[in-house]
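Got some structures for you, see below.
Below, subunit A partners subunit B and then partners subunit C, in two separate complexes.
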Partner chain A sequence: MKTAAFPELASMAFRNLGRHRVKTAVTVTAVAISVALYIFIDGWLLGMNLDSKRNIVAFEAGAARIQSKAWFAKKDELPMYESFGGHEALSARLDEAGFDTAPRFLFEGTLLSRERSAPIAFIAMDPGREAKLLRWQDYVASGRAPVPGRFEIALGSMAAGKLRVDLPARPDAAEFEAMLAAAADADEAVFVRGLYLDAPPDRVAPAEFRRLKPVLAAMPGGKDVLRAYELPWDGDAWRLRKDARPAAFGELAAALRAAGFDFQPRHTLRPDASRTDRDRLWAILAASGRMDVRISTVIDIKELPARVDASKFEAELLPALRSDDRALASRAYPADPASGDRALAEADPGRRDRLLRAMLDAGFAPAVRHVNQLIDAVVVGTVDSPNPKTNGNVAYMPSDALQDEAGMMLEGRITELLVRAKGADDTALPDPGESPRAVKAALGGALPAGLEVYGWLDGVEDYIAASRGDEVSTRVMVGLLFVLSFIGIANTMLMAILERSKETGMLRALGMTGGQVLAVYVMEAAAIGLLGSAIGVAAGCLVNVPMVAYGIDYSGMLENMGTDYGYRVVAFFRSAWNPPVIAASALVATLVSGLMAIPPTLRALKVPVTESLRFE
Partner chain B sequence: MKRTIAACALAALLAIPALAQDAAAILAHVDSNEGYSSISYKGTMTIEYRGKRFVKTFESVARGRNESWVEFTNPEDRGTRYLKRDGRLYVWSPDTEEVMLISGHLLKESMMGSDLSYEDTIDSETLSARYVPALKGTEDVDGRKAYVLELIARKKTESYPKQVLWVDAETLSVLRFELYALSGARLKDYRLVRSELIGGRFFPVEFEMRDLLRKGSRTVFAMREVQLDVPLPDSAFSMRRLEQ
Partner chain C sequence: MTVVETTGLSKDYLTNGLTVHALRGVSLSFARGDFAAVAGPSGSGKSTFLHLVGCLDEPSAGTIAIEGEDVASLGRRDQALLRRSRIGFIFQAYNLIPVLSALENVTLPLVLLGESRTAARSDAERALAEVGLEGMGNRRPKEMSGGQQQRVAIARALVKKPSLILADEPTANLDSATGRDILELMLALNRDEGTTFIFSTHDRMVMDYARRLIVLKDGLVDSETGS
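Right after this comes the complex of A and B.
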């Protein structure tokens, strides 16, 4: 093809676009929707993942964590018997190398409030060192963070709500009366009453609402009540709108009562209550015992069993051990001549340790003993951070209070040591200088055998699974949309080329080469792709602007999903800009569109010119 | 005067080991009183929890402290079976038709919604082997004179680090006991409702258990048609029977 003919060929291609306006418009729209959707979905996924990763680092994991390999292998069980001591030496070394560290001991238990109970993951930590590395203490929504040396708990806000160890947002009549009774004197009672607004009922039965409607419509302020309620799709009851203004609750409640509707008083914590007021209310409720809790748990202790049943020794333990450990076990547990049972006779500490390790690695249950423990504590604050994991069934406690038999018999042992570079930016993900390899290098061989440095993503499989799953499914969905668009382009071009068979034959008879004909059609298809891409990019970016700035409020949905949906994002899912993907999606759509014209054109070019000229 | 003081001091010194020996002897008697080579009975478990009442019936056999079999017969739980052997506890449920090993933290869970945990059912060793007893005096329990024994675990890995027993001074049956957590907080209460003289010993046939962490909860176990020291075949405690 001569280069000089290119402008003319391009001109022909663009003129052809105008000749088939409807088909061109439909195809351009399909491409535009695909590109816009791809940009939207990609930006949304990127935003959610970026926020999630930042929140994992800032609220859960730091940049790296040192754990025992045995603990990591069984981390879903939170095996407290796989804890380790001597972490202060590691912390000192890392401190010199420019890292902050936060020791933690994780365990499970049941938290019992005065009214309810819930399974909770407890994090025993050093509040001061934790604050240097993680940010959850900045998000203590009510009350305060726990103080070292005390049996105090900062509890995830959702768990606190379920257990009723928080500031009640909407107490019922009985709970409100109990709160007033908790006041030490009349002044406090007035203060408590003043913090709550008289709220209209959440639900009104349809029959009652029908009766009230004409009365409310005729009375001053009644229309505000009618506007404040909505009937959801299930038609079960009229419900107070979520966006109803609490400031107007008093008038709404008064209007309903004036209309003759008798309802149980319900109160709402003033949305404008100051931090000082909330703290005072917390202190009043805490003094009444509302925040007192008990932790029911077990302390798992690894220990060589003194005796092992003969059958259990032979059938369960020995087959699970390596051959050299089998010999060690047989020597350490000689058979009792009378019963055949095995009694521990090994005294050498080294061999005992090795055998215990072998039993634990083999999952031999009698090597772990469970001691019942019940600890009295008090909830001093609730955590409501941007990372839902901190807001669920999680409790933070000072580890120094749990060191002896009144606590968890920690005796200086921890299950993990979190690591982050000093002064690291919260909004930035860890850089290579904070990688496990870098932390290991900073320790310079001081890492004891059995311990390992893990990356911040190593312990968040739930997030990785959710992220990968969503990424694959949404990209497949959008990919299918793309395929459909391209099929549309292919179809449009096929029809156009078939319809123009006579015209193609004439052009070829007049001396146009096959390559030039092909170029015209490819350019025509590519122009459709380019137009669609341009519109798609513009639309995608327009949608992305508010998505990046404000996001979508998923709080209603998340209330039902709890805190275990993988992503570490609360309420607002925000998008992020991804310029390379935006440019690539436009380029790919244009290129693929152009390529779609090749097969039908080649087919048309195979037909002899004389036959093309006879085509009707 | 000096002689009197010396005599009192000597008496006190002698009394300490004597009292300790008494405590050990009482506990040994408690162990032997509740020990058996085998047992067969039909039982009823009445659970009261949060104002509701659940009645479960079952049949059970056991051999020594290491082997036992329980099969529930009430309509809601019919076919649910538990087998304890080799220090392990297995359950077979007709819903899943699978054998499951109850181990680790699962052992802390309530057994069939009762005030008893699985762990409470699988202790194999005698109290004397696991605890050091101390006689704390005598008290009146429901009109009966009872020795008060405080048991402190020999090892710090014992599930309940402390127990307190009220032992009938006449029959040496356990009238009441309390189980404590490591922190010293009371976790569970047991009260004997009725014991019967079976095979020359007073055997508890009805008792009440309370898990103090479950508000408003209690479980009453009643045994009938109790037969002690009857021969039982090995097949009564086989995995095959559990899976049938």
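Right after this comes the complex of A and C.
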């Protein structure tokens, strides 16, 4: 193709854009919206994922983790019988190689407070070593972190709220009375009362509100009350706005009372209460026993059963074993003619170990013995970190208190050893030097068979699933939007090229080749895409600036979702910049737009020139 | 020297299952400097003939040679290049490119031929002056009268100095005085540049300008005078 004429062809293409300005503007807008939305959503997903990953590493997982393969295979049930001992040797070795380690023992149980109970995932850990890898202890919102050697718990703030083992944020009248009663003397009672503001009621019935309205409107300060309430679209009553300032609650309550509305006081913890005051309040409430809890759990002990029912032995165990283990089992459990059961008769420790392993691998239930256990403890603090996993039904306890029969009979065993490079930046994702491979290399041959080094992403399937699902569904959604705007361009170009049939004929009569005609129309369509992309990129970036800097506060939404929605982000969802995607979305929109002109142009070029010229 | 030579040129159109024989074997030859009118009643095949000669459509039978080159042997692209370099068109409906100014319309054929932008512009300005449109180069087609538009179309056809200009009823949309002007213009070009003109018409006045008159009837040459 003659390229000498390119500027003329381009100029023709751009002038063609102005022939139907409204249509062009609509099409450009459609592309712009698609591109802007894509940039926004991509930045949002990237930000959520980046923050989630950072928070997984900094609050949950460290960089790598040593676990038994058997535990990992059954990790959903937290199989404490698949714990392992001898981790101090591993820690020492990794310490020399420049890694910090934190031993943990995970188990499930029920936490019973004075009033309620909830299922909780317990993490028995070493607070000092844990602090070197993970940051949750920096996010103890009320109270303090547990101290080694004591039966103390730091509880996820949401669980603490549900179990009522925290500082009550908005106690009702009865609860507030109980709190005052917990005060040891009048001084303390005054202190407690001073920490709480008299609060207006959460809800006002519509009839009551109608009655109060004119009274308040005529009163000094009454307008503030009216402004503090809203009637939600699905509401049956006026509600105190979520964003109403607690500092003004006293005045609001007073105004309501002055207007003749008699209501039960509902106190609100002063939002400006100092750390010292909060700690003192915690101590007062703890002294009254409010923070006392009891852990109900089951200790799983793997152990060869002394006797096995004969039919169970033959129908369940033997078929599940490999043939050599089957012989071993049959020899170890001879039939007991007296009872008809199979009774354990194997004394050799090696053979006993091998048989127990085989039974566990076969999922033979009698190989695990369950012992019910009740442990008294006290909640000393609540955790409220940027990772919702730490704020949910999670309890952190010092593992050294749980070693013997008074605790969990751990006897030095752990379920995982978290690993992170010493001095690693805990806002950064792990680097290759902290990968499972690197950790393994550092351990040399010291890693016992049966244990494995896993990466930080290996245990967070819920996050990966949520992230992948969102990724796919949002991209499909925006993809559809793109398709729609491309259909718009295709239609615009089809109409334009049909309408300009005669003109196309004349261009060909003048000696323009098919390629040159194609170039004019492709450039015209691409210009629509480029213009749309430019506006879209500008708009997308404009929206992204505050989204990256401040994020959106979703705390209201999160209240309904709880802590188990996969992403490890709390309250603020922040976006991140993704320049390659921004550039690519603009480029793709421009290119695909251009392509949209090809089919109608090729069709127009197929007919003889006379045919085009005849067209009116 | 022969500029156009057709032998047994035929064109059939198939419409609604009916075959229309628009041309049925026309053999004509035009020499350099010819100023020839193709006349005949409506539907006699005048436009069809000009279109085939201009490589705007494929004949059903017969051959066309432009300056000795057999057009049928050329691909689409080469036909476009042939039109670009050697043939100028003038249509009854002017057919200017609406988004381009008069000057740009006239410049376009030169730019397509690879002429530099400045040279093309000054050539185009000269061509516009020749057709009496000096200083009107910046106007868009819709800002001009029919006669002015047709002058631009003529300037566009002649600016690249083609060996052949095909004009299909160039004056049919114009009043007779303007038509006369246009014809005088064409005649002057023919005289000064030696450009070959083949134009179709129904108009006796136009035929009078022609030095050669070919009358078609039902797709056949009915009579030929002049040559």
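The criterion applied here is as follows: the second predicted complex is superposed on the first by the 612 of 616 C-alpha atoms of A that agree within 3 Å, B and C clash if a C-alpha of one lies under 4 Å from a C-alpha of the other, contacts with A are read in each partner's own complex, and residues count from 1 in each chain.
As a convention for this text, contacts are C-beta pairs under 8 Å (C-beta built on N, C-alpha and C of every residue); 3 or more make two chains touch, one makes a residue touch a chain.
From a predicted model like this one, the values you see are computed outputs, not experimental measurements.
Q: Could you classify subunit B and subunit C on subunit A, in the superposed arrangement, as clash or fit?
A: In the arrangement built by aligning on subunit A, the partners subunit C and subunit B fit side by side.
Q: Based on the superposed arrangement, let me know which partner A:77 touches: subunit B (first), subunit C (second), both, or neither?
A: first
Q: Using the superposed model, give me the angle at subunit A's CA centre between the CA centres of subunit B and subunit C, as a multiple of 10 °.
A: In the superposed arrangement it comes to 140 degrees.
Q: Check whether A:609 is in contact with subunit B, with subunit C, with both or with neither, and answer first, second, both or neither.
A: second
Q: For A:259, is the partner it touches subunit B (first), subunit C (second), both, or none of the two (neither)?
A: Neither partner.
Q: Using the touch definition from the top, say if A:160 reaches subunit B (first), subunit C (second), both or neither.
A: In the superposition, A:160 contacts neither subunit B nor subunit C.
Q: Please indicate which partner A:507 is in contact with in the superposed arrangement: first for subunit B, second for subunit C, both, or neither.
A: Touch partner of A:507: subunit C, not subunit B.
Q: Does subunit B (first) or subunit C (second) touch A:15, or do both, or does neither?
A: A:15 sits against subunit C, while subunit B stays out of touch.
Q: Shortest C-alpha to C-alpha distance from subunit B to subunit C once the two structures are superposed, in angstrom?
A: Across the overlay, subunit B reaches subunit C at a minimum of 70 Å between C-alpha atoms.
Q: Which stretch or stretches of subunit C touch subunit A in the complex?
A: The contact residues of subunit C facing subunit A are 51, 54, 56-58, 76-77, 80-85, 87, 89, 91, 93, 95-100, 104, 107-109, 111-114, 117, 156.
Q: Spell out the residues on subunit B that touch subunit A in their complex, using ranges where they run on.
A: Interface residues on subunit B, with respect to subunit A: 66, 86-88, 103-105, 107-108, 119, 155-161, 179, 181-183, 185, 187, 213.
Q: Touching subunit B in the complex: which residues of subunit A?
A: It is residues 77, 108, 110, 112, 117, 294, 296, 298-299, 301, 303, 309, 311-312, 315-316, 365-366, 368-376, 405-407, 409 of subunit A that touch subunit B.
Q: Any idea which subunit A residues touch subunit C in the complex?
A: Of all residues in subunit A, those touching subunit C are 2, 4-5, 7-8, 12, 15-16, 18-19, 502-503, 505-516, 608-611, 613.
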